[in-house]
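Next up: the structures, one after another.
Next, two complexes with chain A in common: one pairs it with chain B, the other with chain C.
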Partner chain A sequence: MKLNIEGLLVYFPYDYIYPEQYSYMLELKRTLDAKGHGVLEMPSGTGKTISLLSLIVAYQREYPLEVTKLIYCSRTVPEIEKVVEELRKLMEFYSKETGEKNNILALALSSRKNLCVHPEVSSLRFGKEVDGKCHSLTASYIRAQRHSNPSLPSCRFYEEFDAMGKQVPLPAGVYNLDDLKDFGRRKGWCPYYLARYSILHANIIVYSYHYLLDPKIADLVSKELSKKSVVVFDEAHNIDNVCIDSMSVNITRRTLDRSQANVETLQNTILKIKETDAAKLKEEYRRLVEGLKEANVARETDIYMSNPVLPDEILQEAVPGSIRTAEHFVGFMKRFLEYLKARLRIHHVVQESAPQFLKDIFEKVCIDRKPLRFCAERLRSLLRTLEIADIADFSAITLISNFATLVSTYSKGFTIIIEPFEDRTPTIANPVLHFSCMDPSIAIKPVFERFQSVIITSGTLSPLDIYPRILDFRPVTVASFTMTLARTCLCPLVVGRGNDQVAMTSKFETREDFAVIRNYGNLLLEMSAIVPDGIVAFFTSYTYMENIVASWYEQGILENVQRNKLIFIETPDAAETSMALEKYQEACENGRGAILLSVARGKVSEGIDFVHHFGRAVIMFGVPYVYTQSRILKARLEYLRDQFQIRENDFLTFDAMRHAAQCVGRAIRGKTDYGLMIFADKRYARADKRGKLPRWIQEHLTDGSLNLTIDETVQLSKHFLRQMAHSIHDISNCNVQCFCQLNLSQEDQLGLSLLTLEQLQSEDMLQKIAQIAHQA
Partner chain B sequence: MDDQGCPRCKTTKYRNPSLKLMVNVCGHTLCESCVDMLFVRGSGNCVQCDTPLRKSNFRVQLFEDPAVDKEVEIRKKVLKIYNKRDFDFSNLREYNDYLERVEEIVYNLTNNLEVEGTKQIMEAYQRENRDIIQKNKAKLTREQEELEELLLLEQQGNEQRRLETLQEEQRQLQAKRKSKQALLDELERSHVPATILLAQHKDRAAQLETQIEKQKQVVKTTIFSTGIPMGQTVSLLTVNRLEEVLYHYQPIHMHTYGPPVPELEQLGRLGYLNHVRTAQPQDMAGGYNSGLACHRAIQDAFSGLFHPLG
Partner chain C sequence: MDEEPERAKRWEGGYERTWEILKEDESGSLKATVEEILFQAKRKRVFESHGQVRLGMMRHLYVVIDTSRTMEDQDLKPNRLTSTLKLVEYFVEEYFDQNPISQVGIITTKNKRAEKLTDLAGNPKKHIDALKKAKDSTCGGEPSLYNSLSLAMQTLKHMPGHSSREVLIIFSSLTTCDPANIYELVKTLKALKIRVSVIGLSAEVRVCTVLTRETGGSYHVILDESHFRELLMFHVKPPPATSSSECSLIRMVFLFSLPPGFPQHTIASISDQDAKPSFSQAHLDSTSGGPGLSMGGYFCPQCQAKYTELPVECKVCGLTLVSAPHLARSFHHLFPLEAFQESPLLLHHTERFCEACQGELKDKSVFTCPSCNSVFCVECDLFIHDTLHCCPSCIHSRSAP
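Up next, the complex of A and B:
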């Protein structure tokens, strides 16, 4: 279908369109026109991805000078693949409609682990090993050595690519990871480097967040992307945590010991090289004296370019004299390490700011701020000079040097917390130094400044105003879209009391209460009797889940539940969990019905969809607050209050509610889907909690569905499920109870939540659409 | 750290958790009790390397590697002498070279390379640069100054916050006490039944509570969204333009009551300049010429020459 969105011709590869998609595109277009940033919330399963893609591609074609590139960031590899498939569909539609061959190049980029075609390297199991091995075959100095000594091993794919691949650009088309690998195999080119090279002239890039947000990787991969790009962060409800993680460093005793070993290796290598090849060290020394930046030639294959964001003026400056020669630098690192070791030898918790740390380090071991700032840069140069092939071993010392650079560069937004032991095991000494970033805007700032439009979108971004605040940017559009439905296919219920009128809550004071646990058990039991197929239940933490399940077992509740459905449990172990998931799906598939007990913030709650019969009900036991006693969190809350005027409670509730919304949102993955959403905690009924749920859930949360008892919940659920089990025709014109479960047919939705082109162009529909976007 | 021990008496940290290891200038360790025993007379030789040592120079070992302790000790000493700052140098390159020289000296002293030569260099340097060393003693490097400033700011911020919360608490406490007192007074005097009074009081207390809650929630903003701190007055009014008459120079008219003073231009022609010292080229560079001084002297001489009496 061809759409006209405020004068822009958009090709949409489906015959029908949801009204909210139209509205979404409208907002998106306005954002692009304004060359600003946007925050857009639209429920999952309403076709966010295709709306985004078709509009931005159309925009690109219409105004090729305004928008040159689309950078689409997603979280996981399967999500990346999904986006590429949608894109392929769109491109096919284009070539069918316009009849011409399109010249758009779109490709996905992932790590070497996913793209390597070298027979030996690709068979390694861990990403780090693959990177290290690849590096040992393709680093510039190794290749230089090979000129004199051709017997050294090489990667023929890389050699081939280097020789031939750069002259001819990748032919236009849509490439997912497998396509790239196929192409690479056919041509004999390395797909990873091909992809990295091609993103410079590709029209659409799909890759993971980290390629933009993690300063170490972004510097390497995304440095030369043009300013006139549109950046989309999909599923961005957790983006602040990604930002923070990418800037934080944790140092344990083990890290220090390993870096100690690294330093010794460095020292020995320096000695050896001094005897054999002193000229090399001299050459490095000369370069550092001159303050020359390394020539760009060798950069591509050297991983050492990982560079925590440094102000540019520092990079232009020469390395300070005190760490210029290799020996001095090694001595410097030794002192730094010994200092850190001494700091870790404590018996109580220490929290200090970066300036305090710098002052202390100067007093104790006479280390100035400036050489610290150059630490990462200097180490990289040394590693390259020493031609150490296997960089995987040096991750510990690299981490330490990154820490040194970060701590001396940023005086604000970071805190240093040294804990002598973990909170759970106060008797076992296990000191950790957390260098924790408290300001997500530091990592994402370059992105906002660099690119003309950045779109943050997800199914759950409520409350919308908090994201611009914590990420410190000014959006031009902030909008939330609801799902237009032909029938109310989601039914959120807040259960506040048990049948014995005891309040149900996971509040800390009452969470061990026998009555609460029993009531939770009763709720699950009742639901297992009436809900068909799959139920997913979320707890607030693993420990809480263990406690509850143990006492359910003692009370015999589990036994009763198992009469109705099978029970599967998520554990911290990824392999076990995926096994449980597989079996759960099998049980749902063959009609036995199953219950999956899992944890909010866990693997299941973030990435796994429970479409149709895999999740007919989601029960959220308790409010998933973070562990508030953690010092890192406390420091961050304090920072938020002081810098951004966000109250502690607001942030905690916001964080808990976005996770709750993520969990319950697992069940509804489209308009034909239906599901119960049960919030089992009386605190959900409060306005401050309820108001932070996404609008598309809030809309269906009436006063009548608040603070229910278990009995009432069962009544309402039964009614809802019976209604849903009918197709719409049956409800309207037949009285006979019909137990067959029909899928919602298209005719039922047409004109309401599904539109043809003619319907879309009608006057009153356009009016309705205008109301969908809820400007925050 | 557990496996560290005294090389002389072989006590380890594991067996004696209160073991204190000491380190002297040579970088070798001894435990506290051994130090007390061996250095009763205040001085002696190192057990391991026979360097003559003084008891007063023993320090508690801070780091796992005693070599680092030694290096830090030396470094502190060296930095006391080599205390030039970056602004003592004309460019960055020289400063960096200087830093490297310092590093070289520390390295040599720590690893016992050319100790004598290095010491001589140090002494020579100290003799040459006595003034600068003395002058720089009190000065901090620019970066350290920055750090100090940041720390001060941080401290002030913390103090401010602490005071604010303290005041807030005080205020709330007072308000509660007042309402309680008011209730007692009313119970004493008023004729209304006590139950009603109590109910009223309860209402009031609840109101107070919500008010406090509200106040708590209102976090004071300290900066505007533009990044300008509040309290700093930024006037947005246009500055009024002051209409003033331009200054007009009027030459001073001197009255000497006598013959006219020769003008500056005439001095050379009238031959006055022959009697004064001619200006050196160095003087001329700054715009000086001999006429200026001569003219002033003549003005001096003429003024008041014929001053009328009375």
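Up next, the complex of A and C:
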């Protein structure tokens, strides 16, 4: 259908639209109009992706000079592919409606591992191996060497692409990862480089967060993207952690050892080159004297996105004399490594700020701040000069040099923690130096500064005001949308007590309490008897899960549960977990019924959807607080309090509740789905916890469903499940995304939670829609 | 309280939020919606029988009753098993009333296996006796969908192609314990055109959803006891025959007890000196039961085999033996009474009383017969469509002149 969103003609590829989608598009349009940033929360399964795509594509067509590019960032490869498929549907609709051929180029970009078509390279199993191998075949100096020595191996796809591919741009269309591969195979061009090259002129790019947020990758891939782009971060509830991870460095003794080896290799290579080709080193020296002028020019003309690892000052200055020659630099690195080694040789925990660290290093080994700052850039230049093929081998020394640059550049927002052993194994010495970023805004700042609109969206972003604070930006729109439902298909319940009235909580003081564990067990047992097919239970941590399960085993609870359902457990091992998941789904499918015990913040809680019968109930045992004894966390909390005036407790609760919401949100993946959400901890009933749940869950959490006993929960659940099952004969098993073939006999939903064009244009519906968006 | 002295005491029952039923609900709208749906469903039974649809009049139905551990649950009073058996009893009676030329068999499943309670037969008495006996049996273990379905399939697959083959499962448990992949069995069932319907007593189970969808049956989950009853009664009506089912001319013989010129059915009287008790063919097969000797019975006109009950397929010559009332009673399915038009009471100023029961019209809507324009209340409308199958007012007006 064609919609009129405040004067903008939007093609929407379905015959029906949810009211909240309309409302979402309205807000989005206002954000784009204002050329500002936005934070939008809308529950999963309500068609967020298609609303985003249709509106932004329409905007692009209407104002081609205002918005030139859409950059859509998602988390995982399957999600990326799903987005591209939606986009394809939209494009087909466009060409059907307008009758003209589309000139929009949209493509997905992923790592070499997912895009490589070289028969040998693509068969490698790990991403790193693929990258390394690819590099050894396609690096520029390797290819230069090949001119003199044609017997060296090469990648014919890259050669072909380099020779032909750059002249003709990729024809317009929608390219998923597989399409790119097919295209590459047909033409004999390397799909990865083709995609990387094509993103410069593509209208829509779909790729992973890291291409924008991780400074190392962003510098390679995304720095030339146009300023007039709209950036969308989907599933962005964890975006602050992604930012922090991309800026943090952990150095262990192993890293140091490997760097040591790297330095040795460098030294040898330098010696060799000196004998054969001293001119090259001289040339490099000359370049370094002149400074990194080219980069500076580029930045001034605003072609590139700035890189947080490469601070502005560096560009204006020449590389300091002490590390200008190759030998001196290697010597410098050696000294730095020795210093780090000495620092790791400790028996107690040390925590210090970056300036303290710099002062210490100056006193001990006379390393100044300035050369440290140039470390990363200097190393890169050296590696280029020395023509080292296998970059993967030098990851350790690159890491160290990045650390050196970061520590000397940022005096605020980072902390250095040196721990002599891990918390879990206090007897085994395993010193680690955490250089930890505490301010997610450092990594994301260039993105906000460079692009005119950045949209942060997810199913669970509540409380909405905290994201702008921790990411340090000013949004023009902040809104949360609820699901309009023809039937109440989600049933959140807070279970606070057992039948014996003992409070249920995973609070630290009582978590070992026998009565609490027994009550948790009883809850699981009772639920296993009344919930059909699949139940997913989340614990707060692996250790807690292990303790509880062991105790349940002793009490015979597990045995009783197993009479009703099979039990599967998530483990930190990915292979084991995916095996368990597979079997779990099989058991749900054939009527045996199963329970999956997993961990909040684990793999299951983030990436896996439990559609329909795979998750009829989610039980959240306890409040998933992050491990508060960790020093990194403590430092971060302190920083948040000092810099952003966010109290520790607020942040911890916020973090716990967003993970809890993520976990329980796994069960509902659309309006036709239904599921119980059981919060098994009395603390959820408190206003500060409840208030931080997303609005679409809060809405259904009435006073009557708070602080229940197990018995009451069972009765309510039974009632709910029957009520929901009542309309099952209408429910065809439909894909979550395709709400076009809505079941629940469409007439029931029509007009209430599903609108046709005519209904949408009616006056009172527009008023209703205005209420959906909740301005935070 | 006085009416139902046998009912469990309040404190023995589960925790119920009785006050919520009374809630005037403005925000939730759920309760109202469900009631609306229920009312619609009530009317639907009337509506659905419309149009000229081919119905599978000769039905072979296996009722599978789950007697697993979960049947001891007390959410139906006094417990699920007793309540279910009582309703099934009622269902069997009703079934034979409406489908006299059809047959029913009962299977129970517990402890991971399935047992035949009664074979396919056309006599309600035997089934009801068996059901009464089953009330005392204990529940235990897990049910097995696979075993019960394959047991039902073994018999049903030999039934003639023109009859409808059906299985109705009353499923209380949420799990099933199967010896093999049930989806293979579902494929076989589909190929054999066996329709499987499920009534769930607790919640929607995925495997049942797939099973019923694939085989073309229906799947419902009960809300409470009255809803359960309604759902069961839904299965009394013959289902539309699948277009692929065979059409074959069957030879059917009507057996009469009168007039004496056709003495197929003879009731031995004391005055009849020649009368000798003889064995019925049916009793020869069944190992159980009494001595099997009886005085009266029906004799097949073709081979003179004797049967004590009808309808039956002659064991000797394969003739279908029915009595005339049987067929007559199936007749109304072919020419169902048209649905009455529903209209709000306010439009009817002239009619104050229901044509049938003569009670005052109080409900918000009334029902009008399209042919004679008589007005009926909801209760009478249901009664006419469910039981009478003809409009009393129409008959009255037709016979009057």
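Methods note: the second predicted complex is superposed on the first by the 741 of 776 C-alpha atoms of A that agree within 3 Å, B and C clash if a C-alpha of one lies under 4 Å from a C-alpha of the other, contacts with A are read in each partner's own complex, and residues count from 1 in each chain.
In the analysis below, a contact is a pair of C-beta atoms (placed from the backbone, for glycine too) under 8 Å apart; a residue touches a chain by one contact, two chains touch by 3 or more.
Keep in mind the model is a prediction, meaning the values are calculated, not measured.
In the superposition on chain A, A:Asp393 contacts neither chain B nor chain C.
Contacts of A:Glu159 after superposition on the shared chain: neither chain B nor chain C is touched. Of the two partner chains, chain C is the only one that A:Gly593 touches; chain B does not reach it.
With both structures placed on the common chain, the touch criterion links A:Lys565 to chain C but leaves chain B unconnected. Of the two partner chains placed by superposition, only chain B is touched by A:Lys370; chain C is not.
Contact with neither chain B nor chain C is seen for A:Asp219 once the two complexes are overlaid on the shared chain.
Contacts of A:Pro355 after superposition: chain B is touched, whereas chain C is not reached. In the superposition on chain A, no chain A position is in contact with chain B in one complex as well as with chain C in the other.
Within the complex, the chain B residues that touch chain A are 1, 62-65, 68, 71-72, 75-76, 79, 92-93, 95-104, 107, 110, 141, 143-144, 147-148, 150-151, 154, 157, 161, 217, 219, 221-222. For chain C in complex with chain A, the residues that touch the partner chain are 14-17, 20, 28, 30, 33-34, 37, 70, 75, 142, 145, 174-178, 181-183, 200, 202-209, 213, 218-223. Listed in rising order, the residues of chain A touching chain B in the complex are 289, 317-325, 327-328, 331, 334-335, 338-339, 341-342, 345, 353, 355-356, 358-359, 362, 364-366, 368-370, 411, 641-642, 645, 647. Of all residues in chain A, those touching chain C in their complex are 486-488, 529-533, 563-565, 588-593, 612-613, 616, 704, 711-712, 714-716, 718, 721-729, 731, 733.
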